[in-house]
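Shared between the two complexes below is subunit A, which has subunit B as its partner in the first and subunit C in the second.
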Partner chain A sequence: MIDCQYLEPTTVSEACTLLAEHGDDAKVVAGGQSMAILLRNGLIQPSHLISIQHVSGLEDIVASDEGVKIGAKVTLDRLIGIGETHPTLRALDDVINELADQQIRNFATLGGAICEAHPASDITVVLSTLNASVKLASAGGERVVSMCDFVTGAFATAAQSDELLTEVVVPSFDLGSAAAAHRRFVLRAGDYPVVGVGAFVSLDGSGGCQDARIVVGNCSSAPAHAQEAETRLKGHSIVGNNGAIAEAGELAASHVAPSSDPMAPSEYKIDLVNVLTREALAEAVARATG
Partner chain B sequence: MKYPLSLTVNDENYDILVEPYHTLMEAIRDGIGLTGTKCACEDGRCGTCTVLIDGQLVKSCLMLGLQAKGKSLLTIEGMGSPDELHPLQAAFLEHGAVQCGYCTPGMLLTAKQLLDENPNPTEEDIRSAFVGNLCRCGVYTHATEAILNVAGEEE
Partner chain C sequence: MNVVGTSAKRIDGIEKVTGSAEFTTDIVLPRMIHAKLKRSPYAHAKILNIDTTKAEQMPGVRAVITAADLPDIRLGILTLDEHLLAHDKTRLVGEPVAAVAADTPEIARAACEQIEVEYEELPPLFDPEEAIRLDPPVVLHEEYEEYEKLLELAEMDERPPNLWQAYRIRHGDIDAAFKKAEDEGGHIIENRYATGYVHTACMEPHGAVAQWSSDGTLTLWAGGQSPYIARDGLAKALDLSPSKVRVIVPFVGGAFGGKLTVKEGAIAAALARKARRPVKIILTRAEDLSATAARTPFIFDIKDAVTKDGILIGRKVTSILWGGGYSGEGILKPIFSTHLYPGSYRLAALWVDSYGVYTNRVSGGALRGYGCAESAWAVETQMDIIARKCDIDAVELRINNLLNEGERTAITMPAHAFSAHECLTKCADAIEWETPSESLEHPWYRGKGIALGNKYSFAPTASSTELKVHEDASCELRTSAVDLGQGAYTILTQIVADEFGIEIDKVKLVTPDTAITPFDHVAGSSRQTFHTGNATRMACDDAKRQIRELAAPKLEAHPDDLEVSGGRISVKGSSKSIEVEDLFVVEMLAGKRPADVEVIGKATWEVSASPHDPNTGQGEEPMAYMGHGAQAAEVEVNVETGQVRIRKFVSAIDVGKAMNPQGVEMQNYGGGCMGIGIALHEDMCFDASGEMTNASLMDYKIPSIIEMPLKEYMESIIVEVPHQHGPYGAKGAGEIVVVPTSPAIGNAIYDAIGVRIWDQPLTPEKVVKAWKEKTASGNGSES
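Then we have the complex of A and B:
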């Protein structure tokens, strides 16, 4: 094991200075729920660990004109039931209290769950479905990246090695005519899902679909939009139209090419995409009309 | 480079030295020498290494030792002693909620935290509390009975 230093900045700007200084050899530690394992098993050997445990100002949840802003250090446990206070985040309620377990949710942070960029992540799927974006701070300033562009591959993100994720912004939408839902399939409680699907719909006044987003998790290296299914729905009737929802499920399934793994063979995952897409869509439509 | 780590475990203060990449589990077992906290899966699933940190459940293999600086821990050694078992320990014995015993320390801390937060759990509450604690002998039914029993007695 190489020599490793542990640094504990207390502000975002201090953390950014340290990241700029140590760059590629440094790693941020938030809750440690993914990092501790990587370090213990020697899978990564950074020269500097920059703990953001004592960095202040990253733990707020605030509703603003832009939408709901959630600080990077907000724990998953604190997000349980978030849809009751911030209804645009209701799709998070579909998954959060089933995600991992109490021990992990107590310390796992939202920023860590995003930056881990696990191909089976539920969090990145839900946030992409909600068209969320993340704020990245560095010594050079701040930039905003859409969640749809943030995860670039398995365990890879658009964040540079000197950038700190500080905040997630979930944009507002009209709760009277739009909603999102998430559905996942797990083999054992507490596991990452075999497949997860998020769906967002916004409706026009006559039961038609104005906009749709369908995001599939764990069928490729990063969350993927089911574009053909989205196109099929946009501009067409969806309320009470089970045929359209079924077609969207078929289309989403016919455009994924997941690899087989010990959890499930490829064909099984493809079937799951079909079923979960239909379920998530039906639930989103029910919520938007309910 | 080793760093000083001061923390309280079972009401005793400890000052040890740890590498930044050492997990809390390694700090507890190797640094402090309390080996009741078990290590099994090493990927965060099994929960045998569960301890309480400032009253919150944590899998000690999923946190770095230095993240626990200044914190107060409860491990299985602090829950009860052979002469003076914690009511949950006594109930686990009585209900045969122990087979090989490897998951027991983690299960007991999870059970304790559950009752601290929810003195009257339903069977369903107990089941979801154990999501993070794997028992391959399958003592869940017995453990559930034990917890319900303790909850009933304390009422």
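Then we have the complex of A and C:
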């Protein structure tokens, strides 16, 4: 039995007040899917659980000039097929559909998936690939943090203990010349992946790569850019250039140093980084040209 | 009425689907409290002191026990080497050293944390090959020689001090066989194989509820496989007479060999006695996975002598079962696993040295296929390698080596109702063996593999049943056979309905309760349909005989001329008949007086066998029967990620007579799924201290339905070659369905990408590694 107080604020500011009041002893709970595991394993022992179930205003998906804004409480189930209505989010379609299972997706929220900061998370990899940022609210105001800076380690984020994640913003890009894709490998359906890789490319008019982002999950404590591979591609021909894509895969693989775990030894994860980088890149290029 | 042979609905189906079926965890008794175990964090340590004072003083704590509260008795199946609570030493991480009963499970858990145990850490021993040395770095059981043992080991000049099992087979002239292969252009094929650490991981974790009555009788509810093994184990552990122990088996959420004994039940009973309250214990998933018996690994070194035409003439095997801290239920595995060395093949010479050793890991237990599912991995991979070496089709090679009906195997098991040939060919046809797999685009490759297997059912053994006939002509079967999910209750009900010519819903079952239901050995070794089935038929016969005798005067006929069916007793060849109900009417007084005419049929079915000489592996017929099966798989392998998808899976098993064809089909599917999990996914992992690192269902990879082939690609084939002693000719089906699975899949992987992985499970990481090695050496062929 978990011995703690369960609080149910109804507005963001109420939630922030409670968070400020209870500080480090309090934890936000959204869908509870990761929270239940964290509590069971004794990884956290909060004295207060602040449920945001009844906090209104966190469940919208809105397209604006800035990009697509997704409320923290939007469930993963609602994100299934999101790429059809908001094509810049298509890379999420690569994973949401097979993430965990339907029962979990019904409860799991996007905010929770980000704040859990699981080293094997696909969601943080995809959002980093898409250069998304998150909005954090506290009694003192609001701030915006880029996804690339948000996850700071395994189960650790840049959010202070009094901050609530309210929104994710995925910036727009030109769908005619840019695209992203995500590839992952799981040992069993519904599992966290052994490795996940997100790739974003934007092309110039002649098949060259203007910009590239490659983000690798579960090879370090937080999603990591494969900088050498990105550099290799930027400014070089990429469309129809399988050699460049293969090289990027090799480069990404040669610069990761994952640790072994019961799921897989380090060497195998490195192999997967190579394969998945190649596949994600090839798919992103196909989408950008397609 | 032909009910046997039809796919009658599961009699427990509605209860289970609606959630009304009662499992151990559902049992709630007045004043009941809850137990938790204090477990050792060390793989190997001396216990210097246990201080329970703080725990005892906690509010809500009702009893705390340590070994000091229990009789100083060692327990075990055949080598009695294990105390209920660690005595002076702990020999594996998770071994219980103390136990608490408290008002809630949470208080009990908190109290466990307050128990202070002072340990002196000892160096642990994990490597079985170090363990088996004559001068091992560590000895686990210094007092082994003094232990009570009910089993004779093979003679040795000097026993390695960590050895708990040694068994030999000496059949034929082995040196001559190897010489012949060498001299006459044949082949000598030698390889090392290993199986992995697998857990039964039943949906229902281990648990029990214990209650004492004022006369000193213990009642235990536990979802185990054998109420009588449990009863005797409890009596032994608590130093009671067996008549003072009553074991009731509620519904069981899976067992697969993992619920033969009731260790935690005995601890709950000891707590209940001290607390004077009923005590419930339910293990957590992590405890269940990490600290209850597992299918521990085997290492097989196997060397075959084969003629150039692919005839197996000699086989030499050395195997080590990687046991844990205690010999446990795995004690007979080094013996029983040898059945697969001859398997279904003729072998002029067979030499085997089979051992079991202690290490500081989880103890070895039973898991579906008891040793044979493991040795089949080595043997049936060898057969594939031999076939390729001799350039003979793998099905043909196997057929060429098969025994004939009536022959005996190299370990004297008669080939009776010998259906290996039929299973193999039907399986091959279904997978379209003659047609090679289609080529796919790199990195995907397809291939097919096949394997044969058999599974003995052990002897000596016995089952008794009682069959009461009520005045409404309904029948009540009293049995200690356990339905673990395999469908035993349905099959037994079908038998009674069939024998009495009545509808299934006129048969009631009185389920295992040692105060009421008679002895049945165990729901294990695929024996329930065969043995309890026979006992049930015989009890029906006995009841019908009694009915005929009661009816004879009323019908003015000889009992032998009467027939009982459909609730009527009739005179053969005449229209004269009475209702079974009429037997119960006593004319002098109004109303029925069933006490006057109690009809209770009773029967015991027994199969005897004498143990084989542990030095030669020879003797009389060693087992009750042998079941056969073949399986084939078509796989798709991705050489970059190592993913193996089962595209098609065929399981053809011989059940003698399919008493309930749908039940057999479910064994084929369910066993296939379990076998696929064992072959490709499941692996208990341990860290350097001996602690299991993936003790959750998130991390221990039981495959999900998505890893299984689609239904239309999963084929169940039922072969029916009747056994002379089986009820209606039936044999069991529960275990054979996992025996050939791993080698069938491994052989298919070889067919697809030309690599062998020798140690289970065949994980993606190993596939990638093997493929990289192969492409680096540019060598695809086998030596």
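The rule is short, and it goes like this: the second predicted complex is superposed on the first by the 283 of 290 C-alpha atoms of A that agree within 3 Å, B and C clash if a C-alpha of one lies under 4 Å from a C-alpha of the other, contacts with A are read in each partner's own complex, and residues count from 1 in each chain.
Quick note on the criterion: contacts are C-beta pairs under 8 Å (C-beta built on N, C-alpha and C of every residue); 3 or more make two chains touch, one makes a residue touch a chain.
What you see is a predicted model, and the numbers here were worked out from it, not measured in a lab.
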With the two complexes superposed on chain A, say which partner A:Gln53 touches: subunit B (first), subunit C (second), both, or neither.
first
Under the stated touch criterion, which partner chain does A:Pro262 make contact with: subunit B (first), subunit C (second), both, or neither?
second
Thinking of the overlay built on chain A, is A:Ala189 touched by subunit B (first), by subunit C (second), by both, or by neither?
both
Of subunit B and subunit C, which one touches more residues of subunit A?
B
Do any residues of subunit A touch both subunit B and subunit C, and if so, which are they?
1, 37, 189-191
Which of the residues in subunit B come into contact with subunit A in the complex?
1, 3, 19-24, 26, 42-45, 47, 50, 56-59, 61-64, 66-67, 110, 129, 131-132
Given the complex with subunit B, which residues does subunit A contribute to the contact?
1, 3-6, 29, 31-33, 35-37, 39-41, 49, 51, 53, 100-104, 106-107, 189-191
Parts of subunit A lying in touch with subunit C, wherever the complex brings them together:
1, 37, 185, 187-191, 262-265, 267-268, 271-272, 275
Name, in rising order, each residue of subunit C that touches subunit A in their complex.
104, 106, 640-643, 681, 685, 693-694, 698-699, 701, 703-704, 706-707, 763-765, 768-769
